[in-house]
Amino acid sequence: METLELTQEEQFQARIDEDIRIEPKDWMPEAYRKTLIRQISQHAHSELVGMLPEGNWITRAPSLKRKSILLAKVQDEAGHGLYLYSAAETLGASRDQMLADLHSGKAKYSSIFNYPTLSWADMGTIGWLVDGAAILNQVPLCRTSYGPYARAMVRVCKEESFHQRQGFEIMQTLCEGAPEQKAMAQEALNRWWWPTLMMFGPKDADSPNTEQSMKWRIKRFTNDELRQKFVDMMVPQAEFLGLTVPDDKLQWNEAKQGYDFGDVDWAEFWDVVKGNGPCSRERLQARTDAWEQGAWVREAALAHAAKRKQRAEAA
Amino acid sequence: METLELTQEEQFQARIDEDIRIEPKDWMPEAYRKTLIRQISQHAHSELVGMLPEGNWITRAPSLKRKSILLAKVQDEAGHGLYLYSAAETLGASRDQMLADLHSGKAKYSSIFNYPTLSWADMGTIGWLVDGAAILNQVPLCRTSYGPYARAMVRVCKEESFHQRQGFEIMQTLCEGAPEQKAMAQEALNRWWWPTLMMFGPKDADSPNTEQSMKWRIKRFTNDELRQKFVDMMVPQAEFLGLTVPDDKLQWNEAKQGYDFGDVDWAEFWDVVKGNGPCSRERLQARTDAWEQGAWVREAALAHAAKRKQRAEAA
Amino acid sequence: RQHLFEYVLQLADTSLILAHRLSEWCGHGPILEQDLAMANISLDLLGEARSYYQYAAELEGRGRTEDDLAYLRSAVEYRNPLLVEQPNGDFAQTIVRQFLYDCFHYHLLLQLQASPDRHLAGIAEKSVKEAAYHIKWSAEWIIRLGDGTDESRRRVEAAIASLWRYSGELTTPTPTEQALQAAGFLPDYAAIQQQADTQVARVFEEATLTVPQGVFMQKGGKTGRHSEHLGYLLTELQYMQRAYPGMKW
Amino acid sequence: RQHLFEYVLQLADTSLILAHRLSEWCGHGPILEQDLAMANISLDLLGEARSYYQYAAELEGRGRTEDDLAYLRSAVEYRNPLLVEQPNGDFAQTIVRQFLYDCFHYHLLLQLQASPDRHLAGIAEKSVKEAAYHIKWSAEWIIRLGDGTDESRRRVEAAIASLWRYSGELTTPTPTEQALQAAGFLPDYAAIQQQADTQVARVFEEATLTVPQGVFMQKGGKTGRHSEHLGYLLTELQYMQRAYPGMKW
């Protein structure tokens, strides 16, 4: 009889295989918990750090309407960060600890945010390409096995696709505008295309954790699958805009019904991952500055709350 | 016999009356020394603080040539500050003490620098009007009784009149330019005219120290005399530029062969003197910030010099 | 009508400049939730500014758009009071600037709802609800900082010492405002000042802070005599419109 | 000729941006004498930039002026290396930025004097005298700060840690520079790098500072891929020309 009983781990995997959500109070393997905390907090950090490159153009947005849309977008990213930190907290991680790991460089965030935003067209390109890539990465996560994460991703993805449309619209306006505007759009695409392809991570052959993550259904497609999907989706959009994708090797492959495309500069990819991106230092500095300069504010809020509590108890 | 001997003070005054220069090693009354230190250091502080309103436009100058001229001009002001601090040091004042008095608010500087520079035309107006007024105040000081001060003023005045011509030239370019440029010039004149008239100090009736200073020949004209001279000099220049002096009461007086003009807003004058000028706080803050943030640099320079000296002595 | 145009423009500039300052915090706030709160208030003010600019453009009737008014006027043409252009400084400076402005803004909007100018009244009606939230937020922070730690108290006191002198301009009417008051379009500022003072006093008391007395009040922004800070703000705000004249974005 | 134009423009942008950064110190230096010194260097570089821009305009032959080139190009069109656009930071950051640049600049100018392009050689001949003064000044300060107090040492070390990674770009030739080197218009950078390294090592030794090893070198500025700092610098630098197109000043 005993041999027929499933171990906890087998029961857990069986639930996952049946697409039953895992909830905070359910038993879960320690490796699953740890992997999820790492992944969710990394995602939360990406939202937080991701505020910086776009935040860089809020004060210089070219119209009141654009200023408003951009500020609202960056604000949404702060909101996504909040959802995601909360989701990670259901796994026993504390927000302070996660932030400490970000600030110490222990925790990672998406490398794409280590590139600078140099023109207004970058606001379009980030919305269109970077958010587009993020959506491809994230939509499958709406069905991920961990309940709080999946629910957070549903909200995130809804807003992200809205942002993506706004980004595309910025590009469209530029491409239909004056020659300087179209040139600005092309120049931005030239800078962002390759870093965006890097967002899907290393090649499958160099991505050892993929298999376990797919088994746990916290990942549902491989890096290369998503990258192919992205190229196939974006090339026609670039053509629609009248922009040229900066890749000589790009070519339609009738047999695979998809595009062949050049190889990412993996040396650059690993340099950026190792913290040598063009803005790596500035991004982390901006976050730690905000955190350190805000310490007295957080302390004041705690001290005041304690005083209030004490007074309420005394009364 | 004794009654015929002159006291030290009488000898001193006799030298002054004969226009013989007083030099650092000569005997001088304590009040003379103190008055001079106050006046020279105040003048030095004015050069130092005076760097700020014009410095405010160096990074926004409208052409490379103008940027260069403006930077050189502000640099000259730093140089004037140096000459004048040195002149005051010959009277036994230390530069550190004079600066401490500036930073504590004990020492004054010219009130004109407590007004903000809000447009490029202010660079023209300051050169033309403010330097023009400064020259009227300062030219007589080239013949002042105290030698080091008089010699410093000779150098200062030479450069100031060069600056004044440059300021006038900026105004002329604006007035001969596009309508927006001429409007910019007029708007600047409107803001600076009255504060410039205040540069000559209170009315003679309210200026109790004038008499003693004139006796010591550290002042050679009264405030009202200089103010009249200034108006008589500037009104035709404004006319030449095609600008309107913002004074309803301005009118040529054939009898006195000079202009009648409206009264300065003395309430504003005293407010600014008391430290309530529009930029009083910012100016002093900028200077104390520079001083405090530079403390470690000065300490390092001293420490290094001491180390070198020690090594030289040991060798 | 010219006076109304000028006044609506003043309101627009004021909301825009304060919104711009708040937006500078975006991504750099001391607490993520407060980053969101400041972005919210900034967005409210930006929306209010756009309503005013659109209305001002309509009143002027010379075909200028909201963006022309915001992006193509120089510092000396801007009409915001000095308070809102002051730099963010630390969080305490931002909170004090916001609270002093909110106390005025909220009570002004309450009154403007009854303006005989229906368009203006309509904007006020919509904005007053947002302003009620702003003042709640900034008042709570004044209390937390004043009655928090020694450091927060020191910082909020320093902020009050540096910003109080700009509060008087808000309720000191310019000739334009006087003309509109005389015509019954604008409420009397003495009443608004009293309401604002009462609110400040109440909040400061709870925050264990002292209301400054006898401070010399600076003014000038509402008549175009700004601090030197505004020019730098405008170089950023206006750069794109200036660099690419007449383009659509 | 196109390469030469691009290269002269790169020299011009480099001198202008560094001059601009130094000019930001004006009125705020730690010692009045050093305020003067920084203004002097800034003026030298500004003069050098103007010579290059004028020559670039001539090479281009499309009627653009020095001001058109300086004021009407966007950040991605600017060609200065990343080092010179880095913010002033504290005095130590300014000194380290200056010293690293001076070591390259001085040795480059020494070589450029022998360029077959007589115009370029002429500008170099004039500028090298100034650059000799600059390097003397910045080297002395490196020594004072390194061998000064604990605090100055800590600060200069922090500045080296943050700026060293931009030094490699100076002697990493772009395709344009390679083409000019191949044509004999530009000296080989390996020799310049060696001379600069020797000088850095000598000065650091006297300053009791350690030369960093194995630092990942950032590049991009010379091909238009700048840091985010440059955009803000240009909003100020270009504001007037952008706001009032085509006017004379």
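Every chain is named by a letter (A, B, C and D) in the order it is written, and numbering of its residues begins at 1.
Keep in mind that, in the parts below, a contact is a pair of C-beta atoms (placed from the backbone, for glycine too) under 8 Å apart; a residue touches a chain by one contact, two chains touch by 3 or more.
Listed by chain with UniProt protein names: A, B = 1,2-phenylacetyl-CoA epoxidase subunit A.
No experiment lies behind these values; they were computed from the predicted model shown.
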Item to check | Where chain B and chain D overlap in contact partners, by chain label | outcome: C
Checklist entry - If you tally the C-beta contacts for A-D and for A-C, which one comes out higher? => result A-C
Checklist outcome for this item: Expressed in whole Å, how far the mean CA point of chain A lies from that of chain B is 59
Next on the checklist: On a C-alpha centroid basis, what's the spacing between chain A and chain C, in Å?
Outcome noted: 35
Checklist entry - Between chain C and chain D, what is the separation of their C-alpha centroids in Å? => result 42
Checklist entry - For chain C, which residues are shared contacts with two or more other chains? => result 74, 235-236, 239
Checklist entry - Among the residues of chain A, which are close enough to touch at least two other chains? => result 60
Next on the checklist: Is the chain-to-chain touch network here best called a line, a ring, a star, complete, or other?
Outcome noted: other
Checklist entry - Quick one: which chain pairs are touching? => result A-C, A-D, B-C, B-D, C-D
Checklist entry - Can you list the residues on chain C that touch chain D in the complex? => result 74, 232, 235-236, 238-239, 242-243, 245
Checklist outcome for this item: Per the touch rule, the chain C residues reaching chain A in their complex are 16, 20, 23-24, 26-36, 39-40, 42-43, 46-47, 49-50, 53, 66-67, 70-71, 90-91, 143-145, 147-149, 151-152, 155, 236-237, 239-241, 244, 247-249
Checklist entry - Considering the complex alone, what residue numbers of chain B touch chain C? => result 53, 56, 60, 116-119, 184, 187, 191, 271, 274, 276, 278-279, 281-282
Item to check | For the chain C and chain B complex, residues of the former touching the latter | outcome: 74-76, 162, 216, 218, 220, 225-228, 230-231, 235
Checklist entry - Where on chain B does chain D make contact in their complex? => result 48, 51-52, 55, 58-68, 71-72, 74-75, 78-79, 81-82, 85, 120, 170, 173-174, 177-178, 180-181, 286, 289-290, 293-301, 303-304, 307
